[in-house]
Amino acid sequence: MSAFGPTVDAAIARVREDVARLHGELTRYGLVAWTGGNVSGRVPGADLFVIKPSGVDYANLAPDNMILCDLDGGVIPGSSGSERSPSSDTAAHSYVYRHMPGVGGVVHTHSAYATAWAARGEAIPCVITAMADEFGGPVPIGTFAIIGDDTIGRGIVETLTGHRSRAVLMQNHGPFTIGKDARDAVKAAVMVEDVARTVHLARQGGELIPIPQAAIDSLFNRYQNVYGQAPQGTLS
Amino acid sequence: MSAFGPTVDAAIARVREDVARLHGELTRYGLVAWTGGNVSGRVPGADLFVIKPSGVDYANLAPDNMILCDLDGGVIPGSSGSERSPSSDTAAHSYVYRHMPGVGGVVHTHSAYATAWAARGEAIPCVITAMADEFGGPVPIGTFAIIGDDTIGRGIVETLTGHRSRAVLMQNHGPFTIGKDARDAVKAAVMVEDVARTVHLARQGGELIPIPQAAIDSLFNRYQNVYGQAPQGTLS
Amino acid sequence: MSAFGPTVDAAIARVREDVARLHGELTRYGLVAWTGGNVSGRVPGADLFVIKPSGVDYANLAPDNMILCDLDGGVIPGSSGSERSPSSDTAAHSYVYRHMPGVGGVVHTHSAYATAWAARGEAIPCVITAMADEFGGPVPIGTFAIIGDDTIGRGIVETLTGHRSRAVLMQNHGPFTIGKDARDAVKAAVMVEDVARTVHLARQGGELIPIPQAAIDSLFNRYQNVYGQAPQGTLS
Amino acid sequence: MSAFGPTVDAAIARVREDVARLHGELTRYGLVAWTGGNVSGRVPGADLFVIKPSGVDYANLAPDNMILCDLDGGVIPGSSGSERSPSSDTAAHSYVYRHMPGVGGVVHTHSAYATAWAARGEAIPCVITAMADEFGGPVPIGTFAIIGDDTIGRGIVETLTGHRSRAVLMQNHGPFTIGKDARDAVKAAVMVEDVARTVHLARQGGELIPIPQAAIDSLFNRYQNVYGQAPQGTLS
């Protein structure tokens, strides 16, 4: 398999490794049940992405059985893992990669607290500083969409384009998150469940104190530019 | 022990292996406490099934101490593990195997969220797409029944025969799930707790958005026929 | 160390082993935080019991540092572990052993759901069959008592003597459980948290369906006499 | 690296070891998500403390990459780990060390239940004896503060100076805890989430029974002086 030349082949191998390993974070944080949920990662420098196969146990995921797709969601014939079907959410992932060039990773789960907000079609209000840091404000709702055509992908792209949040709660369905790479999208999937849970618990106990918009802006800007060991770009 | 001939003996060995191992999923997903809960699997090609012994620690379950029963729930004399008593729910499992020939696996737990719905005698409404996928609509309630005779088995069969759902919440008791084999029934047990939890959390926060029936039908049909690496049969 | 003769010494060694190991169930089921919670076991054939040391990490508990006490809660001088202080709940445990001769094990935790009922001084109503099986009815509340004298022990004994339940929720404090041995008391501690959680969740969602008293009686009697691999005695 | 002489260098090595290892308790108790949360420990006998680097995975924390700071929060040039940035909460930690000489450890998390109380700006009422033991009364709220200058540190110090509680819930943000050393502050972080959860659950079910002030005082005094294997000092 060197249909893409050594540079792209090496990039594919790295993304296969990352995407396979990052699925372990979904189980570690309890975001998925059975074979549900999926992570994908764009191959830098090529019109390709790598995604989980459909209906395979988390314990059996490995770089070799990740599936390589073009940006229309078609499996690359003869590539490692191509004898299996890709995730049933592949059309949604590919739609995002086609329409959001800054996105390098997409994650989907049915994590319980985030999906609970989605079942009410209610955005998560920004009442904790960790949410301002990570999402820059409320986490929005995307329209109801049936799996299997472009409606989910379109809903994600329409909601998140130009939005600070890297997470959208698709109504009655669950969260999709994006990031500059697969790891960044997985982080957003972990954090959206964390804030969905905390704000759910907070509201059960009484009235929430809003955070002033100026403070939200300041927290978001600082976190995007200062936190961690190197500046992080925002997604366009 | 080759009372059943080499083909059936080999099938028994495979089901013992599966049933023993699948109990590990009940603890992994936190569906059971102490020695509660049980999985059984029908032996293909024979009027036999394999079930967990009663009151034995999960850590000590192994193929050899699983118990082989006939379809009346009687322990097969002299078979491996036959010196122990089978699960106290054996009568319910055997009733299901006798009356639902398409069922190859049965699981029972007292998982917390599913049992909470059961304590109110309230079906779980279908407000998330994962529920439409997996159960094709609401998860129904079965009548209150005392353990020890056929009333539990009858309640399961009456509720699930001709129903899309592979899970029933027995009132004041807990979930029973069925599947084409033991693994499929365990998947249903994992998923029913997952949706019971998500819908519980969703409703705590306010009003739920229903999913239109046509969308539920479409999701269910698609998932039964397309998801995973090969088409799955529905249970008759 | 053979101050008690070889038979009692052997029994002490077995109880040390059991009590040390059984503490692992408290952490496995998430019933305790940091160094909180404690298990003790009576030494059969002697006026002695074995209990956890005070303020020691769960990871460091071992048969040798369990503490051997007489039935007044006094540490046996020179016995293994006697250089440490016993659990700060030792007075309560010893009071139970003195006044309930049928009790062979005592457990105390601050497990979250059970303690939540205790903070309201509200007994857990018997609305799930697993509760009827295990506790034979509601789990009762014991009076508010300050640690450090006999008031906790007295509260436990007054509440549980002649009661079907092996668990009492001490008001504003948390659950104490008893059993025929340490393992049986640990099982009761695991199960009381499990039912406290399930009934809490059930009631959050609406009105509970009571179980008729005759059905509770039938479930309790059956479980005490039939479940598991051998009949279990009830505690007097 | 022996800029501080052998005694202080040895103390630094011990604190690096402790602080790196204690971060494992934050993940074990589920108090943190992704790279959030941080522990620091003062170096006894020197105006120095050790803190977690910013944005590094918990799995990769080790004594060598902990960061050594002076009491103004400046990284000690050339010390092990100094090529990285310290935790983004370093200013708050250093403010506490400068203004509370009795404090030897500081911990910050966004643990879900404690942060839920913080999002309402509501102190946790003291209705369980474990809270009286550990915190001597309610866990207080600190004022809303934006990260990045001294306002968080000032809020912590103003709230906790002269207070029995070693935990403060910073409004809309989350808990900060202090202790005589890093381990003691981590214990407070574990316990504040535990009581935040239990009291949250308790109040969901109905009215709470208050504990009389005299009983709270008696529990607190006893626990500070008697519990564990040696007396513990309170923090001034």
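A, B, C and D are the chain letters, set down in written order, and residue numbers restart from 1 in every chain.
We adopt the following convention: a residue touches a chain if its C-beta (ideal position, glycine included) is under 8 Å from a C-beta of that chain, and two chains touch if they have at least 3 such contacts.
The structure presented is a predicted model; accordingly, all values stated were derived computationally and were not measured.
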| item | value |
| --- | --- |
| When chain A is superposed on chain B by its C-alpha atoms, the rotation angle in degrees, nearest 5 | 90 |
| Same vs different contact residues, chain A with chain D, by half of numbers used | different |
| Chain C-chain D separation of Cα centroids, rounded to whole Å | 32 |
| Chain B-chain D separation of Cα centroids, rounded to whole Å | 45 |
| Residue list for chain C, restricted to those that touch at least two other chains | 204 |
| Chains grouped in pairs wherever the two touch, ordered by label | A-B, A-D, B-C, C-D |
| Of all residues in chain D, those that touch chain A in their complex | 33-36, 53-56, 84-85, 88, 110, 112-113, 115-122, 144, 146-148, 171-174, 200, 203-204 |
| Touch list for chain C against partner chain B, complex | 29, 127-130, 187, 190-191, 194, 197-199, 201-202, 204-209, 211, 215, 218-219, 222, 226-229 |
